[in-house]
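The first chain written gets the first letter, and so on, giving A, B, C and D; residue counts start at 1 in each chain.
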Amino acid sequence: MHSRFTPGGRSIRRMSDQTNYEKPPADYTDLRAIYINCSLKPTPQQSHTQGLMDRSINIMRKQGVQLDVVRFADHDVATGVYPDMREHGAATDAWPEDLWPRVQAADILVVGTPIWLGEISSLGRQLIERLYAMGSMTNDKGQYIYYGKVGGAIVTGNEDGVKNVARHVLYSLQHIGYTIPPGAEAGWIGPVGPGPSYLDPEAEGPKTDFTNQHVTFMTWNLLHLARMFKDAGGLPSYGNDGNAWQKGERFGFEAYP
Amino acid sequence: MHSRFTPGGRSIRRMSDQTNYEKPPADYTDLRAIYINCSLKPTPQQSHTQGLMDRSINIMRKQGVQLDVVRFADHDVATGVYPDMREHGAATDAWPEDLWPRVQAADILVVGTPIWLGEISSLGRQLIERLYAMGSMTNDKGQYIYYGKVGGAIVTGNEDGVKNVARHVLYSLQHIGYTIPPGAEAGWIGPVGPGPSYLDPEAEGPKTDFTNQHVTFMTWNLLHLARMFKDAGGLPSYGNDGNAWQKGERFGFEAYP
Amino acid sequence: MHSRFTPGGRSIRRMSDQTNYEKPPADYTDLRAIYINCSLKPTPQQSHTQGLMDRSINIMRKQGVQLDVVRFADHDVATGVYPDMREHGAATDAWPEDLWPRVQAADILVVGTPIWLGEISSLGRQLIERLYAMGSMTNDKGQYIYYGKVGGAIVTGNEDGVKNVARHVLYSLQHIGYTIPPGAEAGWIGPVGPGPSYLDPEAEGPKTDFTNQHVTFMTWNLLHLARMFKDAGGLPSYGNDGNAWQKGERFGFEAYP
Amino acid sequence: MHSRFTPGGRSIRRMSDQTNYEKPPADYTDLRAIYINCSLKPTPQQSHTQGLMDRSINIMRKQGVQLDVVRFADHDVATGVYPDMREHGAATDAWPEDLWPRVQAADILVVGTPIWLGEISSLGRQLIERLYAMGSMTNDKGQYIYYGKVGGAIVTGNEDGVKNVARHVLYSLQHIGYTIPPGAEAGWIGPVGPGPSYLDPEAEGPKTDFTNQHVTFMTWNLLHLARMFKDAGGLPSYGNDGNAWQKGERFGFEAYP
């Protein structure tokens, strides 16, 4: 999906000034990341999307990042847009006590989803609805609860739709407060039409250099930005404190400049 | 567009720990921002999108940010996906020498576009095509040229489409290397159906508290993140250096972990 | 959503040659229509989307169309992309025996959905996944099972997203075999930002002439096209018979003309 | 793009009742079709999208359909949303006298576009803006000018985006009055990542059975529906006559049923 259009084969690349990468520029063991796989299939069924997510997870694991991996379909999450649907008629709801605290504790959220008819899975939509429903929560700075966290998307299908689905996920995350680093998406699809999926032997998905590069870049960009936020204590609240705005603070905004 | 769904009116907000905002947390006079308005109308025709963009620009101006404001329709930009279309048959092309150096010099890019039939304007698409065409350029670290820059979107229409258009813009920007801060979108639309536009007196667009809050938050989040990148020298190139990847460096990635 | 842009106020309309519409051009009592509301709320909770759907339903009822109205959230539909998820581990699945036969029996399908964060509801996505899963079925002519049926979309929210959500629904329906008549979408949203919903008294949704016109046009266009298909026995199978294609029939197609 | 998901390999297909297809069910020589290619490249540059469009055109040619094939980039079309941009400051505008009469004369419109960064080309957007700008015109029945016409989309790229782009085109067409037959889209893309395009020898695009089937089905479905409309004199104006609605006719609609 991250096609790198090379104009007329004319390379404008300059050499990197860094000649070796013996070790990463920082320690990441204090960071927490949660990977939520919105495959329609519960465990133990094979999820091709999980297959690609595992490549990203492996990079973080080797850096000692505290990892939490969730198969959304394994949890009895209720449908709706309230923090706790049990207060709105649902018999059970795994979101408020099981999943939400884990999302809230994580510095990094990676949403994985398969592609169906070119779009995000229904479970992916449901996850976004539940994340959105927490949107009135704020942190100690009066910022929306997701400020200072970073988000990414991993998408697989047997044909067509990675960009459209990643767009859906990444837009939603930045909208509610996540920061989106460069190329925060990785995906794999086969040629047009039905065909093998990522983990199917004949697909040789894991040998796709293009996908491998992008899942690697995505993973590191999530780590770099999460590192920056952790060290900086997130984003300053000047100009984005909802409470202050409600109290009349305008941070320099003028309706009629 | 950034609707803040308040679950059952139940407020989970905690008070901000900061009780006053006498002044911003940093100096922004060394930052450069470019605002590109993709209205279909050239100057001196009134652009409602420019009207909303001006609210954001005014906040930056008061902080001493170095500003560059472009009406895309005023420039004779050629159609195509090469850095310089004059090398591919175009008689003229304002992109390579007029606009591109200004985009490259800016730490912050804000793309403004009207909504037509629920989508981005054709000039907005053309801008994205030209930005995309520079995608093979890298910076001194071997990263894509847009790394370390931040992007946002401002959208207006007389009805429906802010989110869809912002999604289009923000996704494209992160895809080529921009970082997208939280709520990096602001927009204004009227009720469903034809009606007045943002600057029409009867619309009272600039009195829309919702839009005002979001254009303010967007503007400050762009400033905060650009400040962080400027101070940090951008993002580390570990894990995202395309040249190194081509040379075989894998940054911990394993195809079969 | 169906904004009618009037170029420069310059009216190019000609008078209709029909001066009165005493009665419809046909009888519609042999047609069946199913309206599926993908609100996240089960009955008896109020659904604003149902409110708008009811305006369309009322028009069809007065024509004697055989109506079936479904609140998707009331049915225990399993998640997945197989015709019967009970064969794939689901304890229960209301789709194959409860809902599918009703969809299959209908000449007209109208999908209703609310807007959440600018997108279709998760239940809307789930419905499309289940419709898609029947895509390998064919009718007596060897055409995909949805050929000869017509589809439309009804969307409501408190702000922004009608076009994007209608696009999602209508595209999916035509993709699997439905025919989409002109303006097969109707919707209602309020001004930008949180606000009242369609049926809230202060919103006065049902007084929105724009929405009323479009829900009326949509309803009649669905009826007209369904009437044409019913009378013609659907679409000819020449050029779209999947079985014949598999047997080698090419209907005039040449790979290298 | 029209992936036919076969549930568990379990075939529910019944044999077609038609055992041979010696000849089409009708004569199509009185139909007019216009194919507009929104490639960013003017002639004589090779357009891969044209390559796929030619497969559809060839089928219609063999049926004696009156064909008009346009490379949009070859025409000096002005930017804007008025019927004639020369009345709004444009020095020239090929739309009103050159292209529009040809669109208006055609029963069938097929929009072809390449994929750039997962989206429609800027010229594709411009075409839609110009089509949209004629939206206030009505036919002799008081219907929007595009009523009774049918539309389709043909999309190519080297990777990912056919569905998203087709969705954009088909939604826009139905919105302004076109009818969309089943599977009114055909496309070709290669595997994920940069690679050869449709007509590149190594791509063997024209040998893609999946794409071939769908371009064939699309072409015939456009012909079948155009034939039905031609024979029926388009759609009845009962329930969709904008002039009558303005005069107070409600066609059975009740705001408060």
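Definition applied: a residue touches a chain if its C-beta (ideal position, glycine included) is under 8 Å from a C-beta of that chain, and two chains touch if they have at least 3 such contacts.
Computed from a prediction, not measured in an experiment: that's the story for all the values here.
Chains that count as touching both subunit A and subunit B, per the definition above, are C, D. Two copies of one chain, subunit C and subunit D, form a contact in which over half of the residue numbers belong to both partners. Of all chains, the one whose CA centroid is most distant from that of subunit D is A. Inter-chain spacing, taken between the CA centroids of subunit B and subunit D, is 32 Å. A straight line joining the Cα centres of subunit C and subunit D is 20 Å long. Centroids built from CA atoms put subunit C at 35 Å from subunit B.
Within subunit C, residues 1, 4-6, 81, 117-118, 132, 163, 167-168, 171, 175-176 each touch two or more of the remaining chains.
The touching residues of subunit A, when paired with subunit B in their complex, are 1-2, 4-8, 10-18, 21, 24-26, 54-55, 58-59, 62-63, 81-83, 87-88, 132-133, 135-142, 144, 146-147, 163, 166-168, 170-171, 174-185, 206-207, 212-213, 215-217, 219-221, 223-225, 228, 232, 235-245, 249-257. Remark: subunit C residues 1, 3-6, 117-118, 158-164, 167, 187-194, 208-211 touch subunit B in the complex. The residues of subunit B lying in touch with subunit D in their complex are 40-42, 45, 73, 79-81, 89, 116-123, 125-126, 128-129, 132, 168, 171-172, 175-176.
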